[in-house]
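Some structures to go through are shown next.
The same chain A turns up in both complexes below, where it pairs with chain B and then with chain C.
This part shows the complex of A and B:
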């Protein structure tokens, strides 16, 4: 009850997070991760430096693997962007995985029936359908959040395995391949395939679509009233509501757009890589998207850098397996450690700030970190090592 | 046993930045007495007791318990020294039973035997004569019973000095009587109680002695039987400072802001706002006095569109605003400067963005933000309101005075018809305070109807034309500021005295 304004003002002045800036956190996280993962690499009887060279540098030494890095980056560009949009609004969407799967189901369904349409119409239909499906999957948790204040971290996360069951159900039921009997959907029509950008490479139009989506997201967030309202809501829901921002609408909008972007990510994988719905379509792209968004500092150019970095790591991890005879799962170990360390550092930064200040003044990324830190155990778990992007062989 | 007081505080000083919360405070608490700590909000009562309980460390001064000097660095030290504290926010685990909550406070065992937990709880209830069922689930108990559990928790840890921080703030009158009966009985068993309050009636009803704090200083210690008028004067008495006020301009006689029968109720509690009716005319400042926690915050929240009232009406001209959101309230010409200025800005956004956030759609060009105009708008307001900041500075990096100026600039630049202002100068330095007060008076001259909520009586008497006093969610008195009697105001604020 005694006036706290004096100390609070002093604390606020000292709050500038320059020394602990987000790019600094990203670099430190990578460095700490490498130090930590040196242990399992040594246990695998390999030289850590040689391993990191394989992980990071060797994918960049040939045209083919350079393009593979971008192929690996494509889905996590979508999910990273999706997660960053939601987190920026203070809506903790952990469900990009499920939203991506719903987008993939929609793409596979539409792709099977558009054979008579021109490619541009077919692709537009698939993308629109995938975006709608992803948004629809994001709708229920968002409504529960704004109506009943039910924690969306839990609900979005729990809907992910449900989405996977839906995929499995489709593949074992109506869509089981009539010829082979495998649990794979029939192949989509040729017009529904995303064209390849470069001869004899798997790099497809989805990569460019991802860049366009991220470009639009960047513009809207940075330059429009809607984007400013979204950022303001994430930074201070109370202050934004006070200033007349319809916080409920912002949260709903961010959740649905986030789901739609993740859904387009599913379309991109179906129409650009797999050409059908498969049970192993996503080895955890949605979860990796969280790493991408956090490592990128919830900043769209940062998301691109982080997605390419993780794509590089994924491709490198699979080739490191062959070159050094170490398990390719080490790539997954590095990625998982990276998420833990990034979130840990951000949580640490927030706690350092929080200890010297009052609640409600922390920066957005830090509150993301603290919320995420609690959920990490669950989030890190579903990313099964053998399903990591890097372990997929080209042309599989 | 020696004859030393149960607790002696000597020359305790505590500063928060520039603010001196406790200035050289001495206090003795005798064995077996109820010692009231009386003062307005911000007088330093809670700070002093937080220091005694180890929640806060003093900058200077020393503490003696039973005549022995002690370093109390944490509540653990305080508990070991036999000091217990019940704060306004209970630290109870609601889904657990009373007995289990009592067991949580015990240390030193790894294994809890449920039967033993029950037995000990029953013993404690028996020994201290506190009527509460050990098997009851805490979450289902009334607030008064939960408070008894808190007291029991402290007593079960062998506390000999019990600090109660505004224990009646959450209670309905019948519960207050029950609490007092319990306290009298405990004192008879030799317990010493420090009773923090700002309500004169209670203080006189329960205390053996009263120590009054005012603005961090110990004003005096007097017997509990001291007349209320005397206590009120000790609590608020101070010279009013002279401000030359122009007479109210002869604005329209129709009220610009009309509040009728406004109620805010929470289930199971007494209403935080009960039938508040108030009128503010154009060119008039109506001050709302009162100790904080008597409904002013909720009143301002309703008027600023941040809270739904349970009943009643708020009209600006012909527009009904009860239940309207912030956007509608602003659209009808209401400017809002609430008490928590930090929470009503977005600290991590720039000054320029915060200045336009209420009216973003006016700063749009072909769908995008018109950054040039946002910037020139900010530059103009920074100049006009003498804000020491650049447009791109984050608001959180500014000083309190400059943050308040950002809020003022955002609101006053819209030329509001009605202003809702709460604690506009709290925590500001002298220069910023003067600035804010001048701006408010200038708006009054310009014909704005201003509702000014403040805990600072000087401020109210200097700025307001009329002052109303809020106590327990209702308006209990009204007087014109020019012939206001400060003793009478103090009595009204403390729940005593007649409507003037």
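This part shows the complex of A and C:
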């Protein structure tokens, strides 16, 4: 794919900064975020440097907290991966939260009835069930998007509270704990529990599963024709369709895979941490997944780094709260600021990039994507071009 | 019909916030911006509106602040999505996460613990009782008998009867005239009711300053500090002598309590103080039960003891054994001064704690004050007095000049391990009293110098504990009595001036009118 001369190569070169500056953007975003969040820390009459130390370094100073960081990273590895897959395709799935909850419901339901099966079968069933449930929850917005061009941001977002209500309904209805009467589901069977990786730690197999899922996602996105089609669609749906990519199928596929990955995240939390469905299962893992995906540059290895970083931050936020008397909500402040700074920086970079290529800004990027897609269509996959209403104007 | 009216009303009520959100969202979507940040914007508006309205007392300013906050949130969104052209969905989600976080963060910072700072009436009683039931009840009573004879006990009771009225007035006024300091904490005490209550501002200010100054001095050198550690050290030495047959120098227990108090005051280890305060009520019960057991065992002595108390009250006490005798004046003086030392009525210290209690009406806390004096003097002090008098040890030469050890030795005559009980009670009472007084005097310092200069003061306070533990009894208590007088003087003048106010508040409370209900920010409680 390399070595071609002509305008394509020139555009490639101009695109190159994207490759190296993504880690740069992430580091700069973290630095700027810490500068901004020094203000609330100072308001709390704490030393910002001591606070950052508590936030970032102190969780790494003991074995227990180091493992807790990974425990905290596990669910957002799933949601971060899910969001990154969808965003990469230009499908704005804000519904990872709800998809995760559906996966959790499925896991709790299956986990209660598989007591007689061998663990490997039970766990496979739960993971499959969770993935299906998450995908099913993602299906409706995706269909509405490709068939009727209904904005998936609104539909996926609004399905999140619905999923939470579903959880509450289950917990107050059929699954209310018969023994304690608490709104908690009965405990799942012992064989349905994800085994712990290290003794006396909460770190469980779900962490490894997350790494495997991310590994597969990375391979598919980076090394397969399907992945290239997905990325091309994300860069320019028009160009891709012009190049013969079945954009509808790509979008549907991205949405469903995204939902499935988030659903497995729900399985992992139920089978690895809570062992039952609870109302407080997710403190916004789906939304944190957006932060993870953006901070990781929608790039799978970046997602791992970002998830571990935010896991570190979460463990640090609770201990910094205790150690320095700072309200632990600072964790949310840092997350929100980080997300805003990251998207701001990404936008800045894109503006610079657009200016550095040919005049016509966004169109340049589109044409690059179109070329990429066309190249792909020729090289790898004879997907038939088709006329379809499922893609929107860029910027709509 | 009624059902539909209710339904409509509920619909409108629930729709109101939605209308605001919807109008805002429609407006931005018309301009092509999908603003997912409105959830966070509403949070931030709610917080800033509340905070400003709370601080200024003006809902209009609160509304203005909320509007400005919303504009600011919109500006951030616009900067990101319009100026920079960043992704609208992600920016909106980020704005919501961030603004909810900031609102809850600041809400915690500014308003949490506020309720905790206004303590319940029971907590105020515990704090005041922990500070009040101190070594005055153990060592102080013994000293009163040694100085003034058995008649001193009678005068102590008289003093307590008057003291209940005084304490009622102090606690009531404390709540009525409390203020909110610039730190956001409630503050109260005689300096506030004197300076705010006395019509002549210059006189009020002078008396308040005098109280704050001598209040601080009392805690440093008087009953709040040295007298406490002195008694604690002596009861410890006595206990180790009777139980372990071991002579311990005074500075050993002195150093122990100094280090412990130092850990709380300088090291900030609040758990120790919290534990001690929880133990005090239990300790009072154990102490009183032990004393009652002693009295039950020596019931046949009681008629003689009571007749001694009443007869000596109006006649000079004869010299018996090592007891050198006392005039009636000495009896009155000793009884009253020890009584005041013990129940602190009129001294002005307790209203500093009572004043910040979370009560509906000032007079409510006044009744708690009455109960405090009753528990302290009529119950606990009387027990000590009966035990000492019935043991007869107060006439022995060996105990002249020692106070804590007299109580301990007296109770040991009938109760096994009594000296341990006395030593432990004395220790806990002394410890909680030291902590309580440290708080009182920080409030005096705060009034004098503002909310700074706390640490150097605490260092000095801690060192003086050690000094007090090894000083002679008479010197310590004499100094305490003198300083108490200087502290009580401005307070009593203030109470005399404010008698009318107390009567007014009392009438208001018992008639159920509640015109003067204690609200932290009612007109009665301005900011300094």
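Here is the rule we go by: the second predicted complex is superposed on the first by the 327 of 396 C-alpha atoms of A that agree within 3 Å, B and C clash if a C-alpha of one lies under 4 Å from a C-alpha of the other, contacts with A are read in each partner's own complex, and residues count from 1 in each chain.
Here, contacts are C-beta pairs under 8 Å (C-beta built on N, C-alpha and C of every residue); 3 or more make two chains touch, one makes a residue touch a chain.
Keep in mind it's a predicted model, so treat the numbers as computed, not measured.
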Using the touch definition from the top, say if A:122 reaches chain B (first), chain C (second), both or neither. neither
Between chain B (first) and chain C (second), which does A:291 come into contact with in this model arrangement: first, second, both, or neither? second
Where does A:135 make contact in the superposed view: on chain B (first), on chain C (second), on both, or on neither? neither
Just checking: does A:348 make contact with chain B only, chain C only, both, or neither of them? Give me first, second, both or neither. second
Considering only touches as defined above, state whether A:331 meets chain B (first), chain C (second), both or neither. second
Output check: A:46 vs chain B and chain C. Expected answer is one of first, second, both, neither. What do you get? neither
Look at A:277 in the shared chain and tell me whether it touches chain B only, chain C only, both, or neither; answer first, second, both or neither. neither
Touching chain B in one complex and chain C in the other: list those residues of chain A. none
Mind pulling up the chain C residues that touch chain A in the complex? 34, 36, 40, 76, 79-80, 84-87, 89-91, 93-102, 104-106, 108-109, 112
Which bits of chain A are touching chain B when the two form their complex? 1-10, 12-13, 15-16, 219, 223-225, 228-229, 231-232, 235-236, 238-246, 360-361, 363-364
Looking at the complex, which residues from chain B come into contact with chain A? 15-19, 21, 41-47, 216, 292, 304, 306, 325-327, 330, 336, 338, 342-349, 353-354, 357-358, 360-361, 363-364, 367-369, 371, 394, 396-400, 426-428
Which positions of chain A touch chain C when the two form their complex? 40, 43-44, 92, 94, 151, 153-154, 157, 284, 287, 290-291, 294, 327, 329-340, 343-344, 346-348, 350-351
